Every structure is written in structure tokens, then in C-alpha cells.
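Read through the structures below before going on.
Next come two complexes built around chain A: one with chain B, the other with chain C.
Our next item is the complex of A and B:
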């Protein structure tokens, strides 16, 4: 559920980073947090286990520019990727406006990527959202592992596995080095804000104050 | 679903929170939506990061509701955290919002429960009417 505050002239949108466990969702947010100035970012909150796996979610609020004179406030969340945490994934998805799906490019993770994307589709359906109607961006993460000789899926294979149906923007990335992180954020922010603005257009243009 | 908050509605909400909660000793009252957005914020949260508090509380509230469901309850009627000096009380307002009330050890839980119930009855029609 996006939220338009006509008093403070702010638009609030919620973007969730989704994907298989240990895929780099939290690392994406950490990189964004480190690269942003204090004027743009809020406090990053992480609820993780002792093994550094996300237990519930990470949360990072950002302020990025304006639309129709309204300040845009983006709340970034991650979900826990491990299969057993599906109940918490559903909770974090509540009110989502856009999704960045972080896939793990390692050959060994191929099935987990596909399962996680199907899980996203099912969990969105459970809260009444059609995955083909919500802003979605794919990120093929861990490209840096190729330099270490770890076999990675080709971009064509990743597209065939994950993007043949939805045909959404996708980016190669290495959250660890920062490659592709901001391209992913920029694209999902842009499409999500556009989508929310379309829905809120009458209120945005009239001001309703 | 989108939620649009007009300046007039926010003024009414602020007035209700001031009159019913802050005047009764609450240090801070936050109206939050179930997605984690902070809708209104009254009182003196001093150095608390209220944006993070709203997001974490939405998660906390959702988890508690799921736990209730697991044990066969619709929801628990009381969600309250007691600290050495600060306490937090949560009140569900309709399906999409909840109220976070912070109060210190000098204020009784019973009084806050009475006051938050009153706030709920005031805010529910306003929030439903606005959207």
C-alpha cells in the first residue's frame, strides 16, 4: 500500500528485495547504505541470525528526489530467503509496491532461483497481487565469482529460467563490489514510483490540501 | 491499495492523539499502517528513530497476529512490552492501521488501555472515511 501524505507533501513507496537464501539481498542494501549520504538515507535496521542470515528482514529508508513537487520516500526491505521462513516473507510483502528479485548466478543455485521466483508469485497471489502487474526487476548477482573459477549460469540461461514469462528489466551484478547494485535500484525505484504515481495521479495533481 | 492522507485528516488525527494520549501522560503516540509507514507522530520521541520503530512494529504486530492464529486465536487482545522505564502498547485500528503508544513507569497500563480504546473509536471512522 503506497501512502501519500498531502500535509508533508511526501509519497511513500515500499520496495522488497526478494530471492533465494544467501543470494545477496542484504549485501545489496548494505552497499546502498554505505554509498548514500546521510541526507538521503535513514538508519538501516537488520534482524538476522547469529550466522548472519536474515531472520526477518532488513530495512533501509531512502529519500530520493521529487515527483509533482512531492518528496519521494522509499522504504527498502529484504526478506529471509531460506525456505522455512515463508510466513515472514509473506508478512514483509504486505503492502509492497515493487520487487527487485536477486538471483544467485551460480550454476549450483539454478533450481533455488526458480523455486524462489515461483514462491514470490504464490505469496503475492496470496495477498491479492498479480506478479505480472507489479513493478519487477531481476538482478543476476554474484558475477564476481567467475573470477574465482566458480561456474556461473550464462545470462541467456538466467533469462530463460527467470525472465521468459515476465520479460522485465534485468541486470548483471556483484553486490559485493557494487556492480549493478545502483542500476537495479534505479530501475525498480523508477518503475515503482511511476506505477504509484499513476494510481495516485488525481491526488498528486490536485494537491487536495 | 493506496492511502491518501489529507492535511485536514492529519490535523484531526494529531488532535485526537494529543487530547486522548499525550494529555494522559503518554510520551509519544504513533499511528502506523500495517505496511510499516508512519502516518502520524505526536509527542516527544527524543532520540528514537520513529521510522525504524514503525517498520519494526508493523513486523512485530504481524508476527504476533500469526502466532495467535497458530494457537487458534483471531488475535491477542493485549500487545504490550514492559521495560525498566519505558513501555510500549499496541492497538489495532481496523484492518490496516495500528497505534503505538509509549509511556513511562509513572503511567498505569490500565489508563493507557482505556485511552487507546477511546482513540481507536475516534480514529476508525476517520481513517475509513478518508479512503
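Our next item is the complex of A and C:
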């Protein structure tokens, strides 16, 4: 759930980049972080878990300025894609407002994409969130690999595998070059912030002076 | 506020959100600042890796091996002519470490090691930095051998080293932490990591030996043709032991039955 700080007049919106391991989630965030100005972006930090080994997730607060007198801050997180880190993924999903699912377009990763989306659905269900009710955007990443002769899934296949049920916006992307990175971010930010604003409308209007 | 006002309010907010986000997230033109080469380190497929095998981590820890020896004694006393601003120099190293922290694999270890080599070449007149780089390089070797089975202290050490490097590379200033204290902290962690690595290695070796013994036993059992006289004797001894145990058990059951009657 988004966080509303009436004293600071801030609304914090949490967007999680989810997807299979090595699918390009971190690259998305690194690219965004590199491309944003210091005035807007926060520092990327790593957070230690209580596990033996420290894992990190990226945390990229973005201030998008004042709306109705409130600062809207978008926080971007990634989760570890590797299967063994499911507990961490669940932890990061707590309080999520929107999800950008970064799929790997390589033919060899087809099953992993599907598994990861199912894992997202299950983990959201565990925290009482229906995947069909939360802002969700799909990104078909690694399109640049086609130029290297690596077989990629067609967009139709990707949509059939991942988007036939949810029917959400999807974008071809290459996080490596930046193609599609901001398009994905813009879409998920808009839908998520709007969703949060609708939920918080009463508080926002009552907090106005 | 009536429902009509609510609707207008929501529409207003949504249009403001659209505008704010459109202004903020400019399509990828603004992304030209990103360095594709750096991104490739995160994005590229990892090379084929050997399975993790902690017992193979035959690491030279500096004071065990002449070739890899790191003379830590000179670290504390060494003077240096540091002064290079550290922020930009350390940024690639920081990103490589984040990637490694995310997932310990050969690709990420190599990337970090490369960054340390690059930093080592750039800071040759800075003895504190040089020694930190040497220690970190040994740590990379350890990680390469043990990968995800490495001691968690290895990553802690690397993070501490990075923090220390940030100070080592800054121009001298009165409010900075003492470099000697930082070196001591690094050394302490390094030794802790070494001990932990040896402990993990011993445990892994023990496990492997146990596994090896089981495998030998299984092979022996599976072999029916001409068993050696020694293994036959062992089996006969084992059989006799089982028979005795069973006899004892039967007697015990009889006793219990009699007691119940």
C-alpha cells in the first residue's frame, strides 16, 4: 500500500520491477538512474537482508513534483530473479502499488518467463493482492539480441504466453541500449500513481489547504 | 464535495499526473548518459559455470603463499600521495559490487576483479589504495573458487573495502576517518573472512568425504562378482553385528511381553 505522509505532505508510491533472473530488471533501473538528473533521482542503495548472505534491491526514489500540494515520490525496486530468493521477492512485494514485469525475449527463456509471472501472481496472492487488480505493465526485454542472431520469441508469442489473461500494456525493449525503458517506466508510473491517487483521493483533498 | 466534484477532482489529478510524468520521463533520448559497456556487465549472459564447490577453494590468503603474499604490515605505515577525487573513479567499482552482491557468479566476479585491476593501475602512488586492491583481489579469487558457497563475510569485506577506498582516494581533510583505523577494520574483517572460509572449507570437505564413503559402499554392494577377501570379511562382520542386534531386540520384546502378562 502506498504511504501517505500528511505531515511532510508526501505520497510514496512503490513500483516493483519483477521478472525472471537475468532478465534485465537491474539494467532497467541502472539505465533510469543514469539518465535522470540528480535533482530528480535519489541514490541507489543496497539493503541487507537478515539472511546469511546480503542481497540488495535497487531503490530509486523519484520526486515528480507537487500535485495538489503533495509531493509524489515514486520508489522503484527490483527483486532478485533467482528462484531461491523467493522469500526476498515476497518481502519486496509487500506494499507494492504497481509492477513492471520484465520478460526475457529469448526463446530459451520462454518457460522462465511464464514461471516468473505465475510466481508473481502467487506471491501477490499471498499478501492479499489480486494480480488482475494491480497496475501491471509488461516489458519484452533484450530485443537487441536479435541483431546477434539469437532466436527471440515473437511479440505474438510473448503476448500469448504472458498477456492473454491480463491484457495490460506491453513494450518491446532493450534495457542495454535504453530502448523502451522509459516508455515502460512512464506507463507503469502513470497507471500506478493514478491508481494510488484514486485510493487516496479523500485524504488528498482533505489535506489540501 | 458531491460526486460531480469528485469526478472533476480525479480527472484533474489524473491529468496533472500525466503531465508531471510526461515531463519527467523523457523517452530514451535522455538515456544517452548510460554507458552500454557498463550495462553489458549486468545484462550479458553469464559464462557456463562449474557447480559451486567450496572444497576446491585453495586460496592463497596472503600470508600462506609467497607468490600471492600481500604484505599487510606495510599498509598501516605506508605514506601516500593521494588526492584524486574518488567519486567518479569508484563508481564503476560500486556498480560491479552491487551486481556481485545481487548474484555471485563468474561473470560478476570477473567484472569486479577487472574494476579492481583498473583502479589498481590508476592509483599506483596511493599505498593505502594499493593494499586495499590487493586484498580485494585475493577475495575475488576466493569468491571465484567458492562462488555462492563463499563466506558472507567476503561481501561484507568487499563493501568495507569500497568504503575505505572512498576515504583513501579523497584529499586529506580533518573530518575524515583515520586511514589507519580503516585499515585495521579491513584487516580484522579480512582475517574473520579467512577463518570463516577455512571453517566452511573444512565442513565441505567433511561432507564430501562422507559422500565419497557412501558412494564407495554403494559401489561395493552393487558389485557381485568376486568381492575381495577384505570386503567379504567386513560384510560378514557387519552381518554378525546385525544378527546380534536383532537377537537382542527379540529378547527385549519377549521380556516386555512377559512383563505385560
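Keep this in mind: the second predicted complex is superposed on the first by the 194 of 209 C-alpha atoms of A that agree within 3 Å, B and C clash if a C-alpha of one lies under 4 Å from a C-alpha of the other, contacts with A are read in each partner's own complex, and residues count from 1 in each chain.
Here is the rule we use: a residue touches a chain if its C-beta (ideal position, glycine included) is under 8 Å from a C-beta of that chain, and two chains touch if they have at least 3 such contacts.
Computed from a predicted structure; not experimentally measured.
With chain A as the common reference for superposition, the partners chain B and chain C occupy compatible, non-clashing space.
Contacts of A:179 after superposition on the shared chain: chain C is touched, whereas chain B is not. Once chain A of one complex is fitted onto chain A of the other, the partner contacts of A:88 are limited to chain B, with no touch recorded for chain C.
Judged by the touch definition given at the top, the superposed model places A:199 against chain B, while chain C stays out of reach.
Of the two partner chains, chain B is the only one that A:14 touches; chain C does not reach it.
Once chain A of one complex is fitted onto chain A of the other, the partner contacts of A:189 are limited to chain C, with no touch recorded for chain B.
Between chain B and chain C, C contacts the larger number of chain A residues.
Within the superposed three-chain model, A:24 lies in touch with chain C and out of touch with chain B [touch as defined at top].
Aligning both complexes on chain A leaves chain B and chain C separated at their closest CA atoms by 9 Å. Applying the stated touch rule to the two superposed structures, the overlap between the chain B and chain C interfaces on chain A comprises residues 56.
Put simply, chain B touches chain A in their complex at residues 1-7, 10-11, 33-37, 39, 49, 51-52, 55-56, 58-59, 62-63, 66, 96. Residue ranges of chain A in contact with chain C, taken from their complex: 21-22, 24, 26-27, 30-31, 34-36, 40, 44, 46, 52-56, 58, 62, 64-65, 67-68, 72, 80, 82, 142, 175-183, 185-186, 189-190, 193-194, 197-198, 201, 204-205. Residues of chain A touching chain B in their complex: 1-7, 12, 14, 42-43, 45, 47, 56-57, 59, 61, 75, 77, 87-88, 91-92, 94-96, 196, 199-200, 203, 208-209.
Interface of chain C with chain A (complex): residues 1, 6, 9-10, 13-14, 16-18, 20-22, 24-28, 30-36, 38-40, 42-43, 45-46, 95, 98-99, 101-103, 148, 152, 155-156.
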